[in-house]
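In order of appearance the chains are A, B, C and D, and numbering begins at 1 in each one.
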Amino acid sequence: MPNRIDVGILGSTGVVGQTFISLLDRHPWFRVTWLGASERSAGKSYDSATRWRLPSALPEAVASMTIDQCVPGTAPQLVFSGLDSAVAGDIESEFARAGRTIVSNSKNFRMADDVPLLIPEVNPDHLGLLSVQADSRKWPGRIVTNPNCSTIILALALAPLRDFGLTAATVSTLQAVSGAGYPGVSSLDMVGNVIPFIDGEEDKLETETQKILGTFNTDRVLPHPIAISAQATRVPVVNGHTELVSVKLASKVSLDELKKTFKQFRGQPQEKLLPSAPSQPIMYAVDKFRPTPRLDVDNGDAMAVTIGRLRSCHVLDYKFVVLGHNTVRGAAGAALLNAELMQSEGLLT
Amino acid sequence: MPNRIDVGILGSTGVVGQTFISLLDRHPWFRVTWLGASERSAGKSYDSATRWRLPSALPEAVASMTIDQCVPGTAPQLVFSGLDSAVAGDIESEFARAGRTIVSNSKNFRMADDVPLLIPEVNPDHLGLLSVQADSRKWPGRIVTNPNCSTIILALALAPLRDFGLTAATVSTLQAVSGAGYPGVSSLDMVGNVIPFIDGEEDKLETETQKILGTFNTDRVLPHPIAISAQATRVPVVNGHTELVSVKLASKVSLDELKKTFKQFRGQPQEKLLPSAPSQPIMYAVDKFRPTPRLDVDNGDAMAVTIGRLRSCHVLDYKFVVLGHNTVRGAAGAALLNAELMQSEGLLT
Amino acid sequence: MPNRIDVGILGSTGVVGQTFISLLDRHPWFRVTWLGASERSAGKSYDSATRWRLPSALPEAVASMTIDQCVPGTAPQLVFSGLDSAVAGDIESEFARAGRTIVSNSKNFRMADDVPLLIPEVNPDHLGLLSVQADSRKWPGRIVTNPNCSTIILALALAPLRDFGLTAATVSTLQAVSGAGYPGVSSLDMVGNVIPFIDGEEDKLETETQKILGTFNTDRVLPHPIAISAQATRVPVVNGHTELVSVKLASKVSLDELKKTFKQFRGQPQEKLLPSAPSQPIMYAVDKFRPTPRLDVDNGDAMAVTIGRLRSCHVLDYKFVVLGHNTVRGAAGAALLNAELMQSEGLLT
Amino acid sequence: MPNRIDVGILGSTGVVGQTFISLLDRHPWFRVTWLGASERSAGKSYDSATRWRLPSALPEAVASMTIDQCVPGTAPQLVFSGLDSAVAGDIESEFARAGRTIVSNSKNFRMADDVPLLIPEVNPDHLGLLSVQADSRKWPGRIVTNPNCSTIILALALAPLRDFGLTAATVSTLQAVSGAGYPGVSSLDMVGNVIPFIDGEEDKLETETQKILGTFNTDRVLPHPIAISAQATRVPVVNGHTELVSVKLASKVSLDELKKTFKQFRGQPQEKLLPSAPSQPIMYAVDKFRPTPRLDVDNGDAMAVTIGRLRSCHVLDYKFVVLGHNTVRGAAGAALLNAELMQSEGLLT
């Protein structure tokens, strides 16, 4: 794998940071050459500063790397960010001012008018906001974001429905604990239990989705007019957010046509054969007991979402279940696919 | 406790049957004197035929009772039924033809035009169907039913909203495994997982609720015109169904007024101080992380439902979370409260 | 309940502190009149400073009490301590120097030569160390401790075996998450998982047990010569430590005799009918699938331990399973029973 | 992959049967050409008769195969058996009488004097029993078995200790639910709970291990004289048995030497580079919070066991934790490795 692009990782010791490292191991285009973390870890080797929490082995090349502070200094041109939102705003801005390209999983810039909130299969043209950003921010770098984990899964399921006049959606989420990071949710709250509240999650589902599904028009994104109502819960599942969705469509469409629409949905990542792109972004489960986290979370190497149980809804028009991997498709893998799209469009050079 | 009424239990060895036995221990009005079960158990003492699966101890008086077959023979006048639906229809009919009063948790007669589908706080006047039943069935006995477990919890939450012109509701359920009986759900499907399908559950939520909220009019129940859409899932929780509800109301009403309406909701069980009645059928949780099965399932001795997180909904009008104990308020306790209401109205003599 | 003794609670907002408050509600001898917590909470009302994490309701009288700092000042004579070990040593010492009686669940003084490590059914005579303590510490107060949660359960099971020449025991524990406090164990480590290490736990099981089972001799406790080997794990259970025990006995004894010995075991709490004493400290489960946390953790109002599956061991002599409630019998309830024993012996006046 | 050997699977629709199918997909030496199951499934296509319960996709070539009854008829020469023990004895005998080689995961023949109970890394020479079997059984076929799932994991950990004079071991198991098949354990018993009994498991751990570690001597296996005491429990984990082991050794050995012994342990599968052999059968986890099912169950493609927390034991000599994948290394993968060993020794031709 010659001539791979050097990449850095901000927030490299956290759950999202570790997932970046795992997904970038043996990546054909990128290689990790720089790791940033908090002052507590800076100066230490990665394996001594980090308790590795993924089943896959810590890549040896990364294990011995020395962690840097989260300053641009020696960081490469392309940086993935899995920073906590408490610090992401300042640090990512500093990196952009220092000319870096930040592909961020953090929430801080997602709703900014001049920052793409990108899902490559859904709104690749939103990258057009980067020239707006260059004008408005006056920084030589750029920031691109991916949506919140539960939002990505919802938005992927809703995207192909835009053609049928999507006007409203309700979504109830049953979210996995890995979405809360580490240590995240107390096991005392989670063993044999349901937590009916996740701070900020419902608002993200409702507002980010409108931006993602919106239309890029010269210099701005016009939010999609869809009305969304979300109810978010946490359940004792390790990986995999399950979402129960009802939708209202202006057009008449049959259940079979909808299923076909889901299964045939493709986007630029598939056309361009991006390395992290699933061949089929939306899979459809025939078994009515699926999708289910245990069996379907890793579909498409954890980059596909799986829909099932499509049927009519007595209140809106149709309802279905959609499941996706929250730390891969919903976080680190999403950012990685964003970077791959940018590279394929010549935006990283 | 003198002069208690003798009661029998059909399906006495199952999870619902055991819950009946537990709830009837030391009941001021009723005492268990007869136990019916399948031929496999008939003729054996209860403790030798049953693996007791409740944390509370098996009452000694019941432990030594001999199980009978499910035939009216020596069964007392009042019989609770926790029979499996595969056999409940025939057996309950036989008991009614033999003059018994069956207070049933089984689904078989719930939607029959001449059978009350009763929640004492919600539709006590539906007992008026008993005279219709006497005419139509030509049997000397009577059958009264309680709704499906998840339906009771929903219907209790919706009942006080009828005054505000309730026109539609969506509900997503996160249901406990005890609702599936024993052995019920395989642990291989349930540990760290969500099952997005429960056979028949969504239909029950949608249709039973319309009957429960409906109007008794001389000789029939006119179903409530509410449109309901349900999505039912199973989660790794032992007891306690969590339901995420959105409602559409014709009237304008403030969130505070709605909260007050929930908290002040009372019915005949409260007025008549029925032994199993919770003092407050609907409790409201102020903590936004509640209601949650671990903390709230036993509220009101497991006979109250708990609502929380009431807020506006962008698609319908309001949304909230409601939790209830599925085997007590949602099954055996529901039937018991039905019998208490009937006794208070002189229907058991 | 006239003339109840005023008690204070150190560490009142934590899981153990909350359990103290719950157990002391309606206690016939004691009433909570003072609450201590960290500076962050001091000055606030209890209900505003605390997220209540128990299923039982927060007692109203406590809800409105103002939290004090952990200084003796206005604290009553008798103080229960559920302090974190990081601060318990200093604070408990300060209270003892100020003349208070501290009945502590913290580990700091447990292994001190002059401090009773008390289980009222097992070693009530160890209270004799209090006069040693008065001499050595030169403080007007006194400190009494209860063992670590998993140790109490083990020690109760081993205590009646001393008569048969107990020489060795191995114990493997499967411990509940409530034992780690709040937030305690991350759900990312616990959902569908086993954690094979609990910091310090094995050492406590091995050394505390020797002291507890030891002999009080004029001015010291001679540790019991039993050799103990412990392996401690955490499992996804909310309440209830399960322990797999093998023992070596010098005397020959039949399985029936051992079962009888367990069931007939009684101590001073039973003789004196102490308010929190279970009528039978060790219950025996006949069903070979028990004891199990879901069904047996609350046996004896969560103050009894339950043994089952007694059988021969090919390596030592006998083996069995014992289960107990870790936050009641294993923590707050243990301290409460200690205080009740002290009161019954006139040590609180 | 030309010239692969045709193999059949008895009990192909169960959990073990599905795991065989999954592991044999793309196997370099074997290919599935025949599927046997109960009469209920016979005559149907595999995908219509089976609910596939594994995360990996059902191989397409198998999906469309027609299931046969469990009779030798058209079954190939080599047959893997994942049959339920209720029927395995008769069916496997019939296949052996019909000249087939049965590589069985069932328990029925494991302890027979003339049947190898094989772990290729531990006792490959036990295949010598096959000539004994030919003489005693008078059948043209042959039966080879692998141990019970929890036994394999234990035996792999104990095997390298034989050189140090292994005389006794205690083992406490925390077993995953997949080991009980489907539907197996009721979720009502398993959610947030521990089950302290698994029928027959402790006896298998104690007796099978002695045979496995025993010495093949001309025409028989002399059991290893080790004394073993097992306590088996079920915990809410999907895959991965955790075992807490203490051992008594006649020789003095340092902890470092033991660790090295574990890590350097190799056997014929490694020397011969058998396709399913892990490069290192026993891995050692440095992190004291490991091995843990979530992170370590798939080590060595789920064919390695992982040991951790090696330390001294106050009652025996040393203790440690060992974890392995119960349905791969402990069942289907074990049988597959057995067949690979037999093929490498020319026993399948």
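Here is the rule we use: contacts are C-beta pairs under 8 Å (C-beta built on N, C-alpha and C of every residue); 3 or more make two chains touch, one makes a residue touch a chain.
Predicted, not measured: the structure shown is a model, and the values here were computed from it.
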Check: Can you list every chain that touches chain B and also touches chain D?
Finding: A, C
Margin query: Taking each chain's centre as the mean of its CA atoms, which one is most distant from chain A?
Written below: C
Check: Centre to centre, by mean C-alpha position, how many angstrom separate chain A and chain C?
Finding: 47
Next item on the list: List the centre-to-centre spacing of chain B and chain C in whole Å, with centres computed as mean CA coordinates.
Entry: 40
Margin query: Report the inter-centroid distance (CA atoms only) between chain A and chain B in whole Å.
Written below: 42
Checklist line | Overlap residues in chain B, where contacts from two or more other chains coincide | finding: 53, 189, 191-193, 236-238, 289, 294
Checklist line | Of chain D, residues touching chain C in the complex | finding: 168-170, 172, 174, 189, 192-197, 206, 227-229, 231, 233, 235-238, 240, 242, 244, 246, 248, 288-294, 308-309, 313-316, 319, 321, 323
Checklist line | Residues of chain C defined as touching chain A within the complex | finding: 15, 53, 177-178, 180, 182-192, 236-238
Item checked: For the chain D and chain A complex, residues of the former touching the latter -> 51-55, 191-192, 238, 287, 289, 294-298
